[in-house]
Structures are given as C-alpha cells and as structure tokens.
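Two complexes are shown next, each including chain A; its partner changes from chain B in the first to chain C in the second.
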Partner chain A sequence: MKLARYELTLQPRAAPGPMYAVLTAVVAIVLALALSSFLFRSAEDGLFSAYRAVFSYAFFTPRGIVATIQRSIYLLLCTYAFLVPLRAGLWNIGLPGQVFAGALAAFTVPFVTEALPPGILIVLMVAAAAVGGAVVGGFAGFLRARFQVNEILVTMMLNSIFFWAVAYMIKEGGPFMGATAEGEGFSLPPSLQAPMLLGVPFTAALALAAAVLLDLLFTKTALGYRIRAFGESPPAARYGGIVPLNVSLVVFLLGGAFAGLAAYHNFAAIPGVYKIPGNYGFYGDLAFYGIITALIARGSAVGAVPIAILFAGLSLGARFAQGLLRLTFGVDYALLGLLMMTFVASHILYQFRIVWRRVPAAVVQPVPTGLPGG
Partner chain B sequence: MSSEPRGSSAYRTEAGGGAFFTPILSARGVTKRFPDVLALDQVNLDVEPGEIHAVLGQNGAGKTTLMNILFGLVEPDEGVLFLNGEHVRFRSPHDALALGIGMVHQTRRLVSAHTVLENIVLGHPTASGLLHLGSARRDVASLCTRYGISINLGARVWQLSEGERQWVEIIKALYRGARILILDEPTSALTPPEVKTLLAGLQAMVADQGVTVLLVTHKLPIVMAVSHRVTVLRSGRVVAKLRTADATEEILVQHMVGREVTFRTTNHAAPAGRPLLQVEDLSAYNDKGLLALWGISVALREGEILGVAGVTGNGQEELAQVLAGLRPAASGMVRFDGRDVTHLSPLDRWRMGVGYVPAERTEVGSIAMFSLVENMALNYHFDPAFIRRGFLDTEGLDQLTQRILSTYSVKAPNQQVRAQHLSGGNLQKLILGRVLSRRPRLLIAHLPTQGLDVEATAFVRATLLEAREGGAAVVLISEDLDEILTLSDWVAPIYEGRFPAVLPQSEADAETVGAMMAGHFA
Partner chain C sequence: MWDLLARSLEASTIFLFAALGELVDQRSGVLNVGLEGLMLFGGTAGFIAAQTTGSLPLGFLAGLTVGGILGLAHGFFSITLRGDQVVSGMGLWILSFGLTTYLGSPYTGPLGLGRIPNVLGISPFFLLGLLLVGAVWFVLFKTSLGLAIRSAGENPAAAEASGISVSAIRYLCVIFGGTLAGLAGATYALSYNPVWTYNFLLGWGFISLALVFFSMWNPWILLAGATLFGIMWQLSLSPELILPGVLSRYVWRMVPFAITIPILVIISMPWFRTRWGLAKPEALGRPYVKG
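Right after this comes the complex of A and B.
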C-alpha cells in the first residue's frame, strides 16, 4: 500500500518468541470481544451487562464452572485430534466423524455384553472409543500417504458418513435405540457411568496428562521429531529417511484416537448425559472448535488448555446470555466465528512486522524480478 | 573477438561472399555485471533477417543474460542495441514486444487452468478491459493457419503436453506481432518426437513467413540440425561466430569448452580399494513419467571418485535420487558392497553407509525453520547412539553440531539459530559436515559447490578428497567440468540420461568430455 512518499510493507519477523504468540492470541480475543458488541446490541440492559452475563455464568457460577470444565475437556481432546496431524502438516477436518465413530465404538461395548465387572467394561469402553476414532482417522491417513488422496476431502466425507451411521444406530428402530424411543441412544446403567475425580469426570486427568505428554512427544522424542520434520518439509524428511506413510498413519491414528476419547468423555462421562443424545450433531459441529484452538495455540498442547477453557466458557456463556437477555439465535456460534477471524488476522501480526518505508524519490522504474538464471 | 566499428547509429557487416546486409537485430559491446560475476563482457551479436541463429554455450556462459537484454528484461551496463539499424533502448519487455521481439522462456509461463486462447490473449495490449474472445479466436485461428500450427484453442493448458505448451508460448509471441523470436532452451523439457515437431515447425516459419529465430541452447545436434549461423559464448565472451555449414560438432565443442590445460590435484595414485558400488543397466523415470535414465552402468571402488559431468536436466537429479533410494529404479540394479540395494529405502541406505548431499540445500538438505541442532538430527533421528528410550539425545546432538561448526568453519551465531539464517555456503558446509560425520562409505554429492564463493568451493573440494583418502567412494555430480576433471578418478559424461562412456582420469580431457556432455559422441 502506498501513501504519498511512504509505503506500507510487511516484513517477516525473524523468530517470534513465545511471549509474542501469547500477545497475539490475547489481541485476537480482545478484538473478537470488541467486535461482538454488535451481537449484543439488542440487549436491553446495555452492552456491559451482556458481557458480564457471558462471563459470570461461565466462570463464576457453580453450575456454569462445572459445565465449562466438562466442555473444555471435550474441546481439548478434539484440539489434540487436530493438533497432532497438524504438526505433520496434515489437516484433520474429520473431527466430527471420528467423534461419532468413537461414540459408536464405546457404546458397542455395553451393547454386546454387560457380564464383565464394571471396571473392566469402563476400560474397554475407553479403549473402544479410542480405537474407533483411530481407525476412521487412520483410514484418511493411509489414503493420504499411500495414494496421495487429499486428507481434507476424505475426512469431510467421513464426517457425513458417520453422522448418518449414528442416526441409523440410535434413531427409531436402530440397534442402539433408547428405551423411550425418542431418537436417542440407550442410557448407560449407573455402574458403567465414568467415575468422578474431585467432582469432574476422570477424563479431565486424561486430557491434562495428554497435554504434557504431547508436548514432550514433539519436543523431545525421535518420533515427535520425525512428525515435525515431515510437517516442515516433506522432501527434506524423505531425504532424511523418514517414511511419509508411517508419519501420516501415526498422526491420523493418534489424532483419531483423541477424537474417540472426546466422544467417550462427552457421551459416557458427563453427568446427566450417559448416552448418545438426539442432538449429537451439535457436538460434532462443536468439535471443529478444536481446529481454532490448536491453531491459536500454535501447535502446543499445553498452550491449548487455557484457550479450550476460554472457548468452552464463551460458548456456554453466550448461549446462557442469549436466553437471559433475549438475544438473537446463534450468538454463541457468532462469537466463536469472530474469534476465528480475528485469530487469522492476528496471524499476520505474528509473522510480519508492519513498516512504513519512505520511497526514495529517485526511483524511476522497479527492476523486473524473477529473472531466470543465466 | 570481433573488431567491428562501434558507436555509429547504423552500420553494415560484411557477410561471407562479400555481400552486405543490415542485421535485423544486433548488440554492440554489451557488458553486464552481477555482484561478483561479469556475466557478459563486450559482447557483439548480429542476427540476419529470416535466419535461425543459434547462441551456444555451456551453463553460465551468459546466454540467458544476453537474451534477457535483447528482450528488455535486463538493461546492459554498457553497450547498445540496434533493430533494423536503428539504435533502440528497451526499458522493459513491453518496449521489445512493441518492436516485434518475442521471447519464449525456458520455464513455461502459462495459466494452466485457462484455455489456450485465453492464455494467448492474456496480457495482449488490446485485451485490457473487456475481452473480445470471439474476434480474438478468429485472429488467432488465422494466425495458426498461416504459420501451419495446429492446436486446439479451447483446450485447457493443463491438458496439453509440454511440446504443445511450447507452441502456445510461440503463438502468444506471434499474436503480439513478434517477427523475431527468442527461444531459450526450447527443447529441454521435450520428448524426442516433440523436439522434431518443434524444429520442423520453426524451420517452416522461417522459410515461409520470414520470421527470425534466436535459438539458445547447449545441445549441439540441435544447432547442427536447424541453425543457419552460430554464435558461441564462453564465460561471458563471444569466442566464435560461424556459419553452421562451415562448422562441425568438433569445432563447436572446442569453442564451447576452450582449450585450457587443466591442472589436476588427484594424481597421488591411491591404492584401489574393494569394489563398493555396481550400477547395472539402471533406468528411471522422472516426475513427468518420462524415462530420464537409460541403462546406466558403472562400477566404483572404495577410495575412488566418479565424476558425473553434464548440463543440468540430463538425468543427474534422477541418478542421485535412485542411488539414495528416493526414486524407484524402472529397471536395472544397484549393488552396494555386494548386496542388491535397488529396492531398499533411503533409511536402510543411510544405515548401510550411503550418504547423500542433495543439490537442493534449502528444500531438501535442510529445514529452514529448524535450528541447526534440529537440522543435525535429520541424519541422526534413527541412530541408536543418539536415542535413549525414544528420546533424542539433544545434548549429544548439540555437541556434534558444535564440532561440525568449528571443523567445517561454518559461520553461525550459535547452534540454536534457524537454518534459514545461514548463507548458502555455510549451509552447504553444515550439510556436508553432517553427512560426512556419519562416515559414509559411499558419498553422493550433487552440485556440492554450486553458488559457493571461491574459498568455500576450495574447502568443499578438499573435503571430498579427504573423504576419498579415508576410503569412501564418492559420486560427484557437477556441471563444472574443471571441478570434475580436477577431482575425479573416473569421469562419466551424462547426456539425456545416458553415459556415453566412463573414462579413466587419464583419458578424460575437457574436449572429449565436453563433446559428450553436449551430445556429440559416436
């Protein structure tokens, strides 16, 4: 962009530090909240009461905090499902499909047998959920690595397939149909409901431990190195003896497994649910917020924890405020959507420095660039 | 060097037989300096109307720079251009195009999702604003008929073969009114039948329509087949101007390569070691699915350097990749230490002691966003000595990096800096040091000194010789004939995917090898 004698240019930053990543994330969030003020303009008690309603419900009421924690675990596990393939430069857009597959796999365990001790059944359910998600994810990874089929297309199509697979299983006449036949899956018996730790499902510990382990994996281990190297430069990775097939498969298996665990958490571990609900599609959509969370956290699993909590709180609080203040429908999604956009914009700030440069007066014509070598 | 008068606005040149003509395009005393390089030194060039004029030279001789000057892409530091005897100055390709000079670049510059017609019309002076594709189609179609070119104007460019794309570029230039066509290495990406079609088409255009063609190439058979006259460049100077009818491939080779006596540094008769590498009848496809290696055979012992000499694009990249396991062999066999390794993965070969220094330093040999230590791990992430229970031994890698930085005098602030901040020479020394630190038994070094300054080049060459002294076998792939002749025990010229011969050092001289590199061999 040019303004009189001055020119606005973007100069790449040499090596932005971690502080800068935090700063740009904060800028993005503040900007999104500011922009979202127009969503709240119909609030009768003014703008700030709307913001207060959002935050106070999500973070300062006992019920709200519990709901925020439960949802943030779900978002966090979905974040890992996207983050692991992302480190290998691959885009796992198949979070909903993998979540649905994980849910079906988890509920298959009590459907088949309830004869085993509940402890073993719960472990089996967790394992089945992870395997279910991993198989669906791994399928996309395999196609990508073996036949260069675009992973984004494959995972998107799998989303649709498993959306309808769940519908087939739980709606009227489906094998997983609940006793009341209201378009939901059967409920878990109390003995198979996930145990609680300090008032939250044990999956919280799982999610937090995974954050630490994932960051260790990427920074310290040989496997993590191979994944990152492949993500940064596939030709260099191949040159170094890294096998693309293995990397694609590993990251999609691992990513899918996390999506499966997210399904286990959401449908088998949150008090009051314990079944595949009729609105399971909503949770499929919610899984996509794992993508934004992973992108804002710039691939750090530990860094994703506060962001997932914030997103969980904002989505719940905005839904609550919507009801309380008679706001228009869809405020929660609009808020998250704004966040996504401001994040993308802040990405430029992260990578580039905006500089006003004085154009030398003597410049006649720009020299043509891109000459072929002689 | 010629001694024509300079400075007059119109002049005449004596052609053979005493007839006089005005050159349609000429350059007088053109000099161009790039940082550290004198690309063109007082170059004179005269092109007669209605001829195919070949500009011949090895890589780096200055051919492309000269053509870019004639097309207005580059302004010369000194010297002047004349068109039909009139002094002209091109500030941009627009000026050249307006005066009827068109250029077809070595790399295609087409929009592959658009149709042929859209590509031809794109950027045409009358095409700004609204497109009148209907009338444009008629004009282009009649132009094609006139020049005897048959091409489907409605086809999308991505559907076309490389040869057809070349024709689209040519039509595009003609449609803009070009009467002088500059073709930069037009045959480099074409299959032999496509080359035939192209050359026949060019000859017809010149003979029937009076178009003038400037053909830039390093391939002798093509020069001999179609050109009327040849100007030979070497190291930025014109060393010969001849009629093709008076020239032979031998004469042209002598001019291209020069007759300098090469000084050799490897004459310390190393005792030949055990046989290490046998390549038997090896063929491979390139990325386009065309055969790029045709039945290559060669054997190498420990402590020997095989120099593969050729102009880039003759199968060197494919050869290096097949040897490193990065590209499958179409047929034939690679034996390493008596074992058939043809189908082994790159990782298996690293483990067996095959080291590869790729030509692409920034894309393949290193990862720009990784620190130097992380880059070191590229060749060590599988090494049990640097892995403890799945964890990389960062400390060990750190020490290794430090050692390589000091041994190979790599200039870097510290080993945590990203590889993208290293200069080409320093990056190359780092990669070479990394690969050699694995003590490979076979080293494949592709263009190891390309783009390096004198000091770094000398260092890299000395390092290769040191590796050879240490008993490693080295496959050195280079465009630099002097480098090959100085370092190699065996010299294999490569031309269009074949080794015309594998010569012992004693029989490899610049002339023989240079001729074979340019496609002149029995």
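Right after this comes the complex of A and C.
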C-alpha cells in the first residue's frame, strides 16, 4: 500500500519470541475490552460503572470470586481440549459435543449403580467422563488420520448429534430425566458430590497439574516433539518417521478426555449444580471460550491459566452487569466474538512486521541527445 | 405430502445458496470454513432490517450486503495478508456467533411481516436457486471468467503468468460467496423460519460446507446434494409424517448430522478421491504469493 512517497508492506516474522506472544495477547484482550464499550452504551450510569460492575463482581466479591474460580476450571479444561490437537495443527471445535458426551458418560455411572462405595463411584464418574469425551474426540481424530476427513466438519456434526442426545436423555421422559420432570437431568445424591479442596472442587488441582504436565509433554518428551513436528509440517513429519494416524488419534483422544473432565467438573463438581441442567446448551457455547483462550495463549497450557481466569471472570461479570444494568442479553457472547476478532487482528501483528519504506524517486533515464552514428 | 415436499425444497435452497457461494470461493482457491457465521450475520442483519423498516426487500438487501462485507473481510485476511484461511474462517464464525446473539437479542420472536408468496406452490427461492446453479455452471465451465476462476484455484502461478490477476479473481469470488451466504441466512430468517432466536442455524452452514466437498465442486451435483439434505432435514423435523411414533423427535434431529459423517468418510476414501475427486482445486486453502 502506498501513501505519498512511502510504501507500507507486511513482512513475515521469522520466529516471534515469547515476549512478543505475550504482547500480542495483551493487545488482543485490551482491544476487545475497549471495543466492548459499545455493549455498555445503554448503561444508565455510564461506561465506567458498567466496567466496574463487571470486574468488581468477578474479582472482588466473595461470591463472584468463587464462581470465577469454578468457571475458570471449566474453561481451562476446555482450553486443553482444543490446545492439544492445535499443537498438531488440527482444529477440535467439537468441545460442546465432547462435553455433552462426557456428561452423559459420567451420569451413566450413578444411573447404572449406586451400590459401590461413594469414593469408587466418584472415581468411576471421573474416568467415565474422560472416556466419554475421549471416544467422541478420538472418533474425529481417527477419521482425520485414516481417511483425511475434515476434522472441523466432523466435530461440528458431533456437536449437534450430542446436543440432541442430551435432550433425548434428560427431557420428555428420557432415561436421565430428574424427578421434577422439568426438562433437566436427575440430581446426584450428596454422597456422590465431588469432594472439595480448600473450598474449591478437587478438579481445580487436576486442571492446574494438567497445565504443567501438558507444557512438559510438549517441550520435554518424544511424544510432544512428534505432535509439534506434525503440527509444523505433516509431510516433513511423515518423512521423519512420524505416523500421522497415531498423532491425530492421540491428540484427539487426549483433547476429548479433557473436554469430558470439563463436563464432570461443570455438572458434577460445582456446588449447587450436581446434575445436567436444562440449559446445558449454554455450557456448550461457553466451551468456545476454550478455543479463544488456547489461541491467545499461543498453545501454552500454563500461559492459558491467567487468560482462562480472566475470561471466566469477564463472562460471569458481563452476565452480572447485564442483569444489574438492564443491558441487552448476550453481553458475554458478544465479548467472545470481540475477543475472536481482536485475536485475528493480533495474529497479523504476530505473524507479520509492518514496514514503512520510503519509495525512491523514479530514476529518470537520460534522453539520448547525440545523433546516431553514420 | 406436497407441503412437506415444498418445505423441503425451500430448506434445500438455503443449503444450496450457501454451498454454491462456497463452491465458487473454493474453485478460486479460497476456503471459508466460517460459512455458518456469514449465514448467521446475514440472517440476523436481514431480520433486524426487515423488522425495523417493515420491508422484506430491504431485509434481503441488508443480508446480502453484510454477507458480502464479511466475505470481503475474509478475502482481505486470506488474500492480501496471506493469513491462515482456517483461522480467518473460524474467527468469522465465532465473531458472528457472539455478536449476533447480542445484536439480535432485542428482536427475539416472530418477524411479524407477511409471508413471501409461493409460485405454483413452490418457494420462489428454489426457482432462483435453480437459475443460480445454471448460471454458475455456465460461468465456471463455458466462459473465460470461469476459466480464470478455475485456474486461480488450480495453479495460481500459471494463471498469473497468463495475465490473470489471481488476487482480483479471488476477491471477486469471496465477495460473491459471502453475498450468497448472506442470502442463505436471510432466506432462512425472512422466509423459511421467520422467527429470530440466538444461534438459529444450529449447523446449517457446516452442512453446506460439507455439501461442497460432497459435490466434487460441480454445481449440478451440489443441487442434488442440497435437495437430498433439504428433504432429510425436513423429515427430521416432522418424522411423524413417514414413521409416526417411531423414536423420539430428538433422535430424528440427529439424523442429518449423523448421515453427513459417513458421506464425508466415503468421499474422503482413496478410491473415491482417485476416481471422482480430481476436481478438488489443487491450490485450495493455500495463499498465493506472487513470484
């Protein structure tokens, strides 16, 4: 692009450093927050009070802080579900479907038997949730690896299939329908409610440990190297002896398992829930925050932790401000969209360097003045 | 039964519009996986415009315009900036999903305008769809513009060497594709089911995307696929017309999505790709860097 005597060009960056990744992440988030001011334009007390309502509820009230922690665990586990396949260059947008499958699998355990000791049943529920999510994720990974079926399309189809599968199970006389028959799943008995550690569900420890382990996996192990190599260049990885089927299957199995664990956390470990609620679709939508978290964190699981906490607080605070200030429904959804938009913009800054170059004045060729010889 | 068929054809048209635009997009080498987002935004813009002005034509115009603008945005990222087309497409989808929920929320409910009259019992959009299929086929395979589009998608370097501006051709196609996606969304929101709810499409855009692969990038096969899926979608909404009392309605709602997966597997198998899949644009999804 030319402006007067200057030319603006984008030149690819060779290898952006980690500080640059942090900088672009901060730019994306700040820009999204600035743009979100249009969401609060109808707030009677002004913009500042709207922002204050969002942040003060999520991060400075006891109730809000607990809710933020609980939601950030859910978002973190969803983030890993997207992040692991992403490191192999694959897009797992099937988070909602895998969350729903994990929820159905977890609640199948108490549905089938309550005769075992509660501790064992809780472990079985956690394992079933992970397996449920992994099977659904692994199915997409297998199809991708074996037949080159587009994983975006398959996982999206699975989202819809499991959305309706949950409706079938919990609504209109479905097997999992609760006693109140109000279109939601049965409630867990108190003995099967997840144990708490320091006032938060034990799944918080799982989520934090997983962040460290995942980054170690990618940086220090042969499997992590294979996944990253495949993500960078599948033909080169294949040439180097890496089997695509194995990589695709492993990343989707692992990703699906994390989505299943997110389901267990959200529906069986958060105090006051302990069932598949009628508005389960909302939690499927919320899982998409995992996509944007992983993208902004540029594939770092540990880096995703503060971002997930921030997004958890923002999504909760936005919903709170929406009620308090009588804003239009969907502020939290709009924020998700804005974050995605600013991420794509920051991605350009991450990939390219903007270069201004002064265009040299056109060199005028001397006009021949001499007469031709002869 | 006639009503069911007429509704099925109208549903087919929505798949057809979106997929036809994407087909042209892909023929030029640009993949837009955010088709659902363009449809959502086009439908929501059309609904808001129609309800605000009381005019259906203005609603359609808004849907087409917004779709075209989003197509252009995808083009800017993927053609000018040579960015990852999947990142851009996914970005557009999530952006649309989030923003339309907020922007459309005050308009939740029925449109409240009159229905668009049918022609001999058939939606006029289906007839428009047939015309568009014929026109796209003619342009793609019988004109020099079509040759330019196909060569931009097959071998952009050779196309550029022969005097074709690959960027201009690709921009033309992404704007056309976006406009048709906007039309698809507007047709859904203003004619097929004129009631706004958040995320009202629930996967129509992704099925349309799958249909493009299924069609082997041929508009006539696309028409057949869209018709088949339109009928299947309508049957999944009213299964009692064919099999009363068999299975829950929720199970039927899974059927179109469940059938899409084996179809995707079949068209992805090596023997199928070798025999039938050669039409896939060679440079699909790859940014073009002028040599």
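Throughout what follows, the second predicted complex is superposed on the first by the 362 of 374 C-alpha atoms of A that agree within 3 Å, B and C clash if a C-alpha of one lies under 4 Å from a C-alpha of the other, contacts with A are read in each partner's own complex, and residues count from 1 in each chain.
Keep in mind that, in the parts below, a residue touches a chain if its C-beta (ideal position, glycine included) is under 8 Å from a C-beta of that chain, and two chains touch if they have at least 3 such contacts.
Everything quoted here is computed from the prediction, not taken from an experiment.
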item	value
Which of chain B and chain C A:Lys171 touches, first, second, both or neither	second
Which superposed partner A:Ala236 touches (first chain B, second chain C, both, neither)	first
First (chain B), second (chain C), both or neither touched by A:Pro195	neither
Contacts of A:Pro18 with chain B and chain C, given as first, second, both or neither	neither
Partner chain in contact with A:Gly323 - chain B first, chain C second, else both or neither	neither
Touching partner for A:Gly46 - first (chain B), second (chain C), both, neither	neither
Partner chain(s) touched by A:Lys220 [first = chain B, second = chain C, both, neither]	first
Broader residue contact with chain A after superposition on the shared chain, chain B or chain C	C
Common interface positions of chain A, toward chain B and toward chain C	none
Residues of chain A touching chain B in the complex	14-15, 220-223, 225-226, 228-229, 232-233, 235-243, 365, 368, 371-374
Chain A contact footprint on chain C (complex, rising order)	33, 77, 81, 83-84, 86-88, 90-91, 94-99, 101-103, 105-106, 198-199, 202-203, 206-207, 209-210, 213, 248, 250-251, 253-254, 257-258, 260-261, 264-265, 268-269
Contacting residues of chain B [partner chain A, same complex]	39, 60, 62-65, 68, 73-74, 91-93, 105-107, 184, 324, 326, 345-347, 350, 356, 358, 360, 363-370, 374, 377-379, 381-382, 387, 390-392, 394, 418, 421
Touching residues on chain A, where the partner in the complex is chain C	10, 39, 91, 93, 143, 147-150, 152-154, 156-161, 163-165, 167-168, 171-172, 174, 285, 288, 291-292, 295, 328-331, 333-338, 340-341, 343-344, 347-348, 351-352
